[in-house]
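Lettered A, B and C in written order, each chain numbered from 1.
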Amino acid sequence: MSLWTMVIKMATGLERTCAIFFLTVLFSLPLGMIVALLRMSKNKVVSGVTRFVISVLRGTPLMLQLLAVTYGPYYLFGLTVSKNKLIPVVIAFSINYAAYFAEIYRGGIESIAKGQYEAAEVLGYSKTQTFIRIILPQVIKRIMPSVTNEVVTLVKDTSMAFTVSYQEMFTIGKEIANSQTSFMPFIVAGVFYFVFNAIVDFAMGKVEKKLNYYQ
Amino acid sequence: MENNLVLQMKNIKKSFDDNEVLKGISFEVEKGEVVSIIGPSGSGKSTLLRCATLLEKIDDGMIQYEDVVVANTEEGGKPVYLPKKEITHVKSYFGLVFQQFNLFPHFSVLKNVMHAPINVQKRDKAEVEKEARELLEKMGLADKADAYPCQLSGGQQQRVAIARALALNPDILFFDEPTSALDPELTGEVLKIIRQLAEEKMTMVIVTHEMSFARGVSNRVIFMDGGYIIEEGDPEEVFGNPTQERTKQFLKNYQQ
Amino acid sequence: MKKFLAVLLMAAMTLSLVACGSTKDSSKKFIMGIDAEYPPFSYMGDDGEYTGFDVEICRAACEKLGYEFEIFGVNWDEKLVQLDAHECDCVWAGMTILDSMKEAGYVLSAPYYENAQVIIVKENSGINTAADLAGKDVAVMLGTSGEDLLNNDLSDMRDTFNNLITCDSFLKCFTELGGEAVEAVFVDYPVALSYANENEGYKILDEQFGGEQYGIAFRSGDEELCKAIEGAVADLVKDGTYAKIAEKYPDIIDNLVFLR
């Protein structure tokens, strides 16, 4: 197999890699906010349970969570395994990343000075208005570097989808490596991930710059 | 003229854990009056302002703005506040200027001033903008409308904060040590603005350590210590001829 | 006190054994590379120890040769890389010997088992021949000869499938089948047989594909080691140990070359 055929074949899996990536970003960012708010709830039970769930999600391998989401329902309840693996993969990724984002959000929210809340309160803003109009925009700016970090990790983590036989780029690379007894597909995969991440880095850098209108 | 009272606070008590900070404070503010509150650190001045502006809940006593009783305590009971919806309305009676300005860093100067009138009071944007620009003009900040707080000096930020509070057209404006966080050379520009507001008959309550300023600008001075009002009256009386030993001692320490 | 004495005694015995071992000239560590998920050839037994037909034979052969026996579970799709990296001294785990391995310089033993690829389906699926798989989803394990076959000799058949997915373990292949994410699994005959025997509701189609042979792979240059192991296995066949072990694995006994 020529290098070019190899690249073309693996590029067909890139579409699926992108699907995992973009859908996970789309779902985990808002889900993380919900988790963060539950985690900061004044209700001790709610915050305690959320804290436990976060620690499980962060304390167990993502690969295990992928297996649990994909095959767990079959082993536990005898349900069918999804033919379209994108669904369990995106669910597992979104939940896992939401746990990480939740902790980032929480750190960001807790870093905002009390005076901001008090100023908004005296001016008559409601709790919701205060959060959405005053606090959140400042939080987003502060957490951008950490979010970028996670997003870059996500690009590389998409390769883990091979563990549930979702044929994204890395799985195809592994298949080619096997049939050709060649190490080349792994190098190609490495280049793909590097370029993907360079683009992500560039885009996130643009966003960070845009948020730099104040210090 | 009973209707001339903007604020009444009666027998206000407030504790943090076991520490009683306010031990039964009563005072009133008439329309157009400028009241300065002085006293040593920890005397309860700031806490009193925070209770008046509803940032802290009182443990006992009564708060009334004009004819609206905001919180009241039955004999031996807990203070009862108005329901949330009406509290929001009450907040339009007063404004508060913080020691640390607390401007919103992600809003431009103009937006800091305009945002609450548009989003809280739901007023017309064009009208609010016209007023906001006039206010900034008055604060001497017309050219800073598009700047961000981080680009301003402390004195300029505090003037924006005053404009922000005034934009909601409050009946009474509270100042919590408005110049304490400023470099000495910047306090003048803020005090000048407050003086100007006093001339326009803006009702104000000012917690301050600037004694000569308090003496010059106020109609009435309140000296607080240890959670009580020790002495209160005409500034010339309180500063020139205090009757209480603790007031004398405090003012003496200050002159040194 | 008794317990303490026992421990002491055991320690002494262990020491003396080690001492004995080290005096023996031929003492050598032999690391067997296995696929830990390939029953009945090599797998983890109920007691948590690796076992299986290949494992038992290899252990017996090592005993004969006086080698110190050790097991290493390889990552199946990187088994030859791991062999080259000296993580093990051979790959011996129901492995199909391919011409490409010989071409790549690996030393291969004589075949000891004849294997075939089969198709396992759910009993009630209505699938009776390979032709029925047209338009269906099929699973195969990554790095197996089944995958190789479908990508090369049987690519025409593969093209009739709706989708061919590759799993990284047999268990996942069977889970996909059980969970109805695929309608069939293309898999080695003994693996299919033991799964169909242990789980209800599955059947193996009659058609067999491939007809490959299992052998042992050694690093290039290890001809001596290969000969030694082959010789020891031949001795086991001669003294009947081989047949005795094979009797424990009825699923594969018919296809063992040395017992014919």
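Criterion: a contact is a pair of C-beta atoms (placed from the backbone, for glycine too) under 8 Å apart; a residue touches a chain by one contact, two chains touch by 3 or more.
As the structure is a prediction and not an experimental result, all values here were calculated from the model.
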Touch-based graph of the chains, sorted into line, ring, star, complete or other: line
Most centrally placed chain - per-chain CA mean versus overall CA mean: A
Inter-chain centre distance, chain B versus chain C - centres from mean C-alpha coordinates, in Å: 83
Computed distance of Cα centres, chain B from chain A, in Å: 47
Geometric centre distance via CA averages, chain C-chain A, whole Å: 38
Chain A, residues touching no fewer than two other chains: none
In the complex, chain A residues that touch chain B: 113, 115-116, 118-119, 121-126, 129, 133-134, 137-138, 141, 213-215
Sites on chain A touched by chain C in the complex: 71, 74-75, 79-83, 85, 162-165, 167, 171, 174-175, 177-179, 181
Touch list for chain B against partner chain A, complex: 53-55, 88, 91-92, 94-96, 98, 100, 102-106, 115-116, 119-121, 148-150, 164-165, 168
Residues of chain C that touch chain A when the two form their complex: 77, 80, 100, 104, 137, 139, 142-143, 147-148, 151-152, 165-168, 172, 175-176, 178-182
